[in-house]
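Following are the structures in question.
In the two complexes below, chain A is the common chain; its partner is chain B in one and chain C in the other.
Our next item is the complex of A and B:
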């Protein structure tokens, strides 16, 4: 028997399955009689659909169904509503939400928009048919740059939405901020661009859907992050049926990064086809389809202004953002550049006042939805770039400037000027630990070594403060079986992220039961009555919290059984280290024995039934948590070619309690790698004239590869767990990609200081570096 | 992918005969370009003639003055060959930097040069080393082999049997990889023979080209300093997401110097 502890570096129990090709992903599921669906997508960024001639395609042997937007409307299906938490303009009027149907209605608004569904006996026949569908388009002017889309006279993506403005938003005290700016000694301004990126999960999206006429119910296998919420939208909003008519399962999911949290059109299309044809229907995205039709992220253009005094004390922060949301509101698209980016403005620095204003804008591009961090990395980039610019322009030491302005530990708990509840942490201590870790004493030697090799070395440090998000409520259920196995069902969901290890670890640690006896269920609407899925670094916070609450319910009931077994009173029984003890009688019995007894009527108190230990719990967080930390990096720049290499990377993160340091490390490394990707390589760029996605394949869209990612030294600050949830965790999933982009960009600028380069935009490609050096030459 | 007929000949003559009989046949070497293009339905050959089982296309043999490498030799095999490594290290280095391990284990020398992707690495080696392409019917000088973007001197159905690389006194390849594809944004191979210096550039233009100014300067003085001030014109160079013509022109100068330095070491 193996019981485990909270904080133990337990190896991932799912790794053998996943790493030996035994994972079960959607494409591994094939059902008898399965038909294949493909989607005809728009080749144009903006065009009127004049005519769709499907005759030749429909005549092809083996083609069973072709559905267009008009067919879809005729079925009476509803549009997919946005769930953006920011849904009102500054003046209180509602945001502009155009109808989003599963297929384009009479007009296409981005390259890759779904125009028709084709279902055939095989994928090949379906693709043959796709090529035979003749769509006559009348091209319309397109706009892909959100700043240009806002201008008067820009092409209108929606006829009734002026200036392509979805919503305008503000948070903070505008007047107080204005006053603070006027009173401050210095005002530093910087245009800050967060580039457009996309998640590129290793497993593309995929679906298998069936319909059972006898019960009038659907079964949907979906590579998704969120079975419950997506089911509800498909059922209630699109099909106008009750959610329980759809059994929604996410099998193994190969990465999501937010892009699998969206309500896409394909699941409803596949379920519709399954019902029409009375046979299972499968759809698997191709990689090129993933680039075109998975939601994108970031793409914010911000004017950031910092007011500070001559001694370097920060007074106020003001940010004005134009956020691209693509052609539709999608699932929560308008939230990211508005509320999502506002909350953590200013990071861990003390400000008297702040003001954040933002406009979410439609463009002729693939819509945006949360991408790892969803607004907090953008905010971290904005504050860290302006702080670096302030140090540079005022001739201040960037380390000292940051140190001076960090919120002192004794000021916590506090509310930030953006209303963020910062309850715990020690930002100065984390900052100093990161500095100590980064071997500043050896820096000048490393600079000299780089110089001897013809390279310029730079250093930067970036403290950060972010927050969790996603659904506040989570369910956990514990079921015991007579054979000793325990089934743990949780409504949060992993996507390859180790939840199968972490959640049982919590259960095992809390109950003192063997971890290998625990079976884990997730991603199944039949396994949990509710569930918030994966997103917002919420899983340990609320899912883990629910597991703790469920174990507490088990312990309460088990105490009564233990008391019965030990001839004690339940009030005299205490539980620790897997043992129920009565201090008065000095008798004890282990949890495993109590579990065995719970199946034997003769050993149970009179009012308890066999199987009585099964327990459910729902945990709902009151306030979101604030993961924070500090990253430092050294880069080497080859000034001749402009090539950048990340040489060293140091991390001290405060995620509260660390449940499993191996899993936490994995989250941190992945987040940092993704942040390095945004900083140096990734750019989902559209052609301004044609609206075509230029970086539409892995030959053009540069992902960071393992050989480009540095070794990371990772430490955790565990002295400030939060009281906002039972485990004291703060969320680890998105933190890495918050500080990584600014720490890399600032380190590059630090290296290029002797060359006179003061600004660079992400991704900082080798050509941009070379050009900047070239341009800065006197 | 559209339907096609698949053939797996055992000999070169069988392969060439098959090609003649096919409507719109295509030789399949490592398939690292052809298969993805077919999957995207951008190519639709009626017949694929798989060369994988023709053993005579996989030899690496050496004489005093040259190494001859079969057309179906993989990049990984060339990188790992002790013969190539000891006598023509520049070529082994080049092969070891192509794509990723998957590509290197499947992709072949013959397949790569027959495709003549403007950003492929081998063309720089063929031209800089003055290699000869040996086909089923003739010998083609390296300088005459690459004729335009994705075009070569190969006739319809002509099959690359092997490439004969003369052994230079010195040679080195310097490459600046595209961060996404790891093809060359620019790649420069420099070689020094008793009677000639060659500088060949891949990745930067529509297809591989030599730089006579650099060759002349290096013939006088084989040192990085000799070409310090030489810039190639940006005018006809490639422009894409990852590099402008001006940047490519700059990289060619830097890479040429670095290749010369490496060749000297």
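Our next item is the complex of A and C:
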């Protein structure tokens, strides 16, 4: 038997399946009699739908169903509501939430918006039919830039929403911040652009839906991050039926990064078609469709101001952001540029006061929803860019300036001026460890070597502070079987993140039971009575917390059985290392023996029944955790071509307790790679005049390749676990995305200082670098 | 409909195919070998890589009829009675997969890479895997795995 420890680099149990081609992703599921669905999407950024002529398509052999927005409305289906936690304007009035139906009703508002559903015997027939649908559009003026959308006279995306403003927001003390700015010796201002990107999980979204007329229930296989919440919305808000009518399963999910956390229109369309046709219906997105119709993220324009004293002490921070949310309020779209970006303003630096204001704005683009980090990467980018700018403008050493202003360890726990509860950590220590790791002594030699090769080398360091999010409550259930297998069911969900390994690891460590006997269930509304799915780096924090609570419930019951077996009193029994012992009698029995006894009536206390060890628990976090750390990087820039290469990357992260360093490393590396992707390559850019998505395929949207991502040196600071959850974990999934963009951009600016380049915007392409070098030349 | 005869994972196969069927669709939908994945529609991602007559090929770039007479190997052919191929084992050991969607293509591409270059440097691997995208891992562990897998294959 193998019991494992917390902190062990346990290799993954899901690997065998995934490495041998036996993984089950949605597209691998085919059901007898399955029909194929495709979606007709809008070719226009903004247009009135004058007429939809479907006669030729409907006449095609093998076409069974064509549904338009008007058909949908006639069925009485409801719109998909937003669940943004920020739902009021500054003046207390509700945010502007236009109705979001599964199909466009009489107007399309972005390229790629779903206009009609076509279901046929095969994908080929469905696509042929799609070509035959003749939609007459009357084009309307469109706006894709959120700043322009706010202006008076801009095209109105919603007739009843002036200035395309969804919601305005503020946090912090405006008056105190203003006073601090007036009293400060220096004020540094910087316009910071955070470009639009998208998740691009390599598995596109996909669905298989069935309907059973006898029980009037649906079954939905969905490549999603969140089965419970999405089911609730589809059932209660769209179909107006009770949630238990839909069994929602996420099989193996090929990555998510937020892009599979939304309530999309397609699941309800597929279920509706399955009911209409009384046969299974499958829909699989094509990659180009994913670019158009998967949610996008970031796209914030911010005016950032830093007030500081002549000795470099930070006094106050003020940020005003215009945040794009696309054409609709998507699942929690308005939250990201408002509350989601406000919480971690200022990072790990000490500020007397801060003020954050923002506006979430509609544009004629694919709507936004959380993308890995959702607001925290934007906040980190803002503070790190302005700190670097302050150092540069005031002639201060950027390392010394950061060191001077980090929150000292003895100030924790504290509340930040944004109300963030920072309970644990040691920011100065993590900063110094990162510096030590990054071999500053060898830097000048590396600079000289780069120079000899005709390249400019630059260095930057970026301490960061972020926070967890997502649903605060999670369920875990442990079921024992007489044959020794244990089923662990958790309502959080992995999308490649190794939960099938990490959660059983926790159970095995806590109960001293063999890890290979544990079966893991997730992503299934039948497996757990509730579940918050995947998002906000929440899974170990609340899902792992629930597993711990459930193991505690098992131990409580098992103690009574152990006492019975050992002829002791339950109060005299202690549990450690998988053994129940009575110190008085010096007798002990292992957990496995107690589990066996729990199935034998004769070995149980009178008041206990066979199978009595099964235990459930719900853990609800009180306060979100604060993952933090510090990253440093060196880049090499070729001034002739503008090409940038990331030469070195060093990391010290504080995620509290590390459950499995192998999996933690994987999260860090993947997050940093996405951050580098945004910094250097990725850009989900729309044409301003036509509103067409220019980056609509993997030929136009530059996903980082193996030769573009550096090796990373990763260390963990584990001396400050949080007390906010039973495991002391802080969340690891999104952290890498926070410091990576600013550390890369700042390192490039550092390299280009001799050339007089002071500002660059993401993605920092070779063309932009080349141009900046040439523009800066006197 | 044309009929094609080929060898897939050592088994002779004769099937009728619709002429425009891509090899990847043929493998996945007709032969139910769903380990080979489709991640894009522009031949960029490499999730669909299989071996055609010993060469790594993106199976979305080839028609099934073009594989008439060919020997095809897919990810399903590698493990032997529950024992992983040395490259699969290295991917497991180095945590070189997360969601696993890119993995079959990565592994097939890596085996072909190592066959051409039995002891690849880090750069060789990074360049050699240019045609395979992974969104989860940041590639570092994949690169380590390919080098470790190369060593396993040499030994």
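What to note about this one:
Methods note: the second predicted complex is superposed on the first by the 778 of 778 C-alpha atoms of A that agree within 3 Å, B and C clash if a C-alpha of one lies under 4 Å from a C-alpha of the other, contacts with A are read in each partner's own complex, and residues count from 1 in each chain.
To be clear about the criterion, contacts are C-beta pairs under 8 Å (C-beta built on N, C-alpha and C of every residue); 3 or more make two chains touch, one makes a residue touch a chain.
A quick note: this is a predicted structure, and the numbers were derived from the prediction, not measured.
Ranked by how many residues of chain A each touches, chain B and chain C are led by C.
Contact with chain C, but none with chain B, is seen for A:25 once the two complexes are overlaid on the shared chain. Legend: residue contacts after superposition of the two complexes on their common chain; A:721 is shown touching neither chain B nor chain C. Of the two partner chains, chain C is the only one touched by A:712; chain B is not. In the superposed model, A:765 makes contact with chain B only, not with chain C. In the overlay built on the shared chain, the residue A:703 is in contact with chain B and with chain C. In the superposition on chain A, contact of A:257 is made with chain C only, not with chain B. In the superposition on chain A, A:695 makes contact with chain B only, not with chain C.
Once chain A of one complex is fitted onto chain A of the other, the partner contacts of A:497 are limited to chain C, with no touch recorded for chain B. In the superposed pair of complexes, A:544 makes contact with neither chain B nor chain C.
Taken together, the two structures place residues 288, 698-699, 703 of chain A in contact with chain B in one case and with chain C in the other. Note for the complex: chain B touches chain A at residues 1, 3, 40-41, 176, 178-181, 183, 240-244, 247, 250-251, 254. Contacts from chain A toward chain B in the complex involve residues 124, 127, 131, 288, 640-641, 643, 680-681, 683, 685, 694-695, 698-703, 708, 765-767, 770-771.
Partner chain A is touched in their complex by these residues of chain C: 28-29, 33-42, 44-45, 47, 74-76, 78-79, 84, 88, 91-93, 95, 97-104, 107, 122-123, 125-127, 129-130, 132-143. Residue ranges of chain A in contact with chain C, taken from their complex: 11-12, 14-25, 27-28, 30, 199-204, 252-255, 257, 286-288, 495-498, 662-663, 665-666, 669-674, 697-699, 703-707, 709, 711-712.
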